[in-house]
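Shown next, in structure tokens, is the structure this report addresses.
Every chain is named by a letter (A, B and C) in the order it is written, and numbering of its residues begins at 1.
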Amino acid sequence: MTMNLQVEGMRKAFDGRTVLEDVSFRVDPGQVFAIIGPSGAGKTTLLRCVDFLQRPDGGSVRYAGREAPTDPASLLALRRRLSLVAQSPLMFRGSAAYNVSFGLCVRAVEGSELTRRTAEALAAVGLRDRSDSAASKLSAGEAQRVAFARAIVIRPEILLLDEFTANLDPPNVRILEAAVREFSASTGATVVLVTHNLFQAKRLATRVALLLDGRIVESGPVKEFFEAPQDARTRAFVQGDFAY
Amino acid sequence: MLTLAGDIAAITLLSVFISGTSTLVATAIAVPLGVTLGLREVGSQRLLRNILFTLYGLPPVLAGLLVFLLLSRAGPLGSLGLLFTPLGMVFAQVVVVTPIILGVTMSVVATVERRVKETALVLGADRRQLSITVLREAAAGILTAVMVGFGRAISEVGAVFIVGGHIETRTQVLTTTIITDIQQAEFGHATLLGVILLVIAGVVYSLLYRLQERTLP
Amino acid sequence: MHFRLGRRWLAALVAGVILLVAVGVYISLPRGYLLMATTTSTRDTGLLPYLLPEFTADTGIEVRYTAVGTGQALDAGRRGDVDVVMVHAPSLETQFVAAGDGRCRNLVMYNRFVLVGPAADLAGVRTASTTTEALRRIHDTASRFVSRADGSGTHTKELELWAAAGLDPSSFGAWYERTGQGMGATLTIANERDEYTLSDDGTWYAREDSLAFLSLLYGSGDPVDPVLQNQYSVIPVNPATHPAVLGERALEFARWLVGARGQALIGAFTVNGHTIFTPNGVGAC
């Protein structure tokens, strides 16, 4: 099962300050869509709106062509097909395995299937031997890997990554990026990656978009985007003329 | 009118029974309610909180008086025949202890990191699963609420005196006996019972602390 | 798995609550014993722990009591929360029966009131020839006096005595103090603060050893000054107005108290070597 994501004209303001002005883009299954831009540009807000943590002031979001349902049961069902990894994860009280299997338990997966899939997810992020460690005792990098495993073990159709390797050391970044690649290749899911790291975007993305002043300034396939950007602002951004 | 060791044991047992039962009942009512209310981020919560803080300050003697009037044969629940009985005393203490456990639970749940709720929601938790997750994360704080509640119950004297009547061998507990001992100048006996009270509280608290340690991350 | 853990604790909690409440019901209902409301002085003299087991041995009926002030004891009867009432306030008792709450009033026994106070007795109570004179001396010397002020039989008697001496306590100065408590507590306070007070002799003799700074000053001579007599009565609560009371057992208790056996036991009761109660039982039920 796959699902594409279509955002049109999204608007969001906080306390009179407009964060998202008119954001539109589309991500198809199998793609890794990177959204880059300066900090505070609204990238996190965008993802939170997609995953129903916040409500946009205007615009629409379509999942597999349909807007989100209004009745709670259907909305919950839709939500369970999405996953989000935030920048610094929150670990629940318990072991790494407990955290990873949380989403499975929510979806009433139990017994040997739960154990198997949990072990697989932990192995995918190189933490098979830390399965029973207390999650609160994990390092920042390990915790983020657990959070990633927790997000993908449920086989989401749309995976949202919000600066998910920011502040991590290179070994952890490598492991997580490899896991993203593996996930995308094996499931063909729709992946949206918000990052301010241009190099990461180059490494992981199939398409890239620049979010500036609340709008998508330009988007395109990764090669063209970096080698031959069309918009002057894009050119300035990828050349490093912006501080970000 | 010194009582023998067996009598002291009986009095102690009844004290523990009444305070333990009322704390448990109050927990069963207050914790689910507290988690539910604590999770709601509604403006009307201010009204609720005002009501709750007033109930916090409900003097146990007043609670005792109200329960007395309720359970008396001349009162609305008189046909139950619960006045001057241990069950009536449990009822009175439940009235005293529930607002306390409720308030602390609500407070603990409201201050559970917002990210706990968000993470659970993002992972697809429904309301029931969210409540249980929050409860798990707030478990240490909730056990504190229970400890505070029990402390209030075991040391309470006004309500149990009024509703229980301090009937020897029937509704006689440690705290009411300390009062009557003092009235009869049996200070040594009163002190002994006071020490027993402290020991009980200490034992119960250490058990709850041990439980609480297991709930820390 | 994650959310079933919550279920296990919840199930344990609910089971625990049900079990404990069931135990609570078992030890609370039904009330199989005769419940009496009486005054603290009946308890403080030690009479009840002496007398009641004898009644139970004779009749097989268990009696328990709640010792509160006279006012509250009669109120408990009025509410139908107790089966029988034993107090020492004749005027209030008569009202109680007249209102239909009491079935019948049986005189049981009397003891006496005495004046106790500091051994130095600066007011000269010891040498007074009448109760009125004794109280006047306390008033005129503004010696500290503590009153129970709790609507009890003792307090009622105290007010009557002041009135008989032509004095009004509401106009007294700071030397007149009020505790609002029972006899034992009031005696303790009088002892701490070197005060005069009116006490029933039973509580006095029971507590004498712990009241080092007080002495019995007036009223212990024979015959008892009628004005200092403290009459106790036992009144079964009226089942006609309060159907839930154990009417038959209450009757049996009252009859036993005023019968030969009860009266003999009462007459034989001593506190620290003093016989304090004079049985004068009159059955009216």
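Following the convention adopted for this analysis, a residue touches a chain if its C-beta (ideal position, glycine included) is under 8 Å from a C-beta of that chain, and two chains touch if they have at least 3 such contacts.
Everything numeric here is computed off the predicted structure, so don't read it as measured data.
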item	value
Reference subunit C; chain at largest CA-centroid distance	A
Central subunit by CA centre of mass proxy	B
Between subunit C and subunit B, distance of the C-alpha-averaged centres to the nearest whole Å	33
Chain centre separation (subunit A, subunit B; CA means) in Å	46
Inter-centroid spacing, subunit C versus subunit A (mean Cα positions, whole Å)	79
Sequence positions of subunit B contacting 2 or more other chains	129, 133, 136
Multi-partner residues of subunit C (at least 2 other chains)	2-3
Subunit A residues counted as touching two or more neighbouring chains	102, 106
List of subunit A residues in touch with subunit B within their complex	51-53, 76, 79-80, 82-84, 86, 89-94, 102-103, 106-107, 134-136, 150-151, 154
Partner subunit A, residues of subunit B touching it in the complex	113, 115-116, 118-126, 129, 133, 136-137, 139, 215-217
Touching residues on subunit C, where the partner in the complex is subunit A	1-3
Footprint of subunit B on subunit C - complex, ascending	2-3, 5-6, 13-14, 16-17, 20-21, 23-25, 27-31, 33, 35, 40, 44, 46, 49, 64-68, 78-82, 181-182, 184-185, 188, 207, 210-211, 242, 244
Subunit C contact footprint on subunit A (complex, rising order)	98, 101-102, 105-106, 110, 114
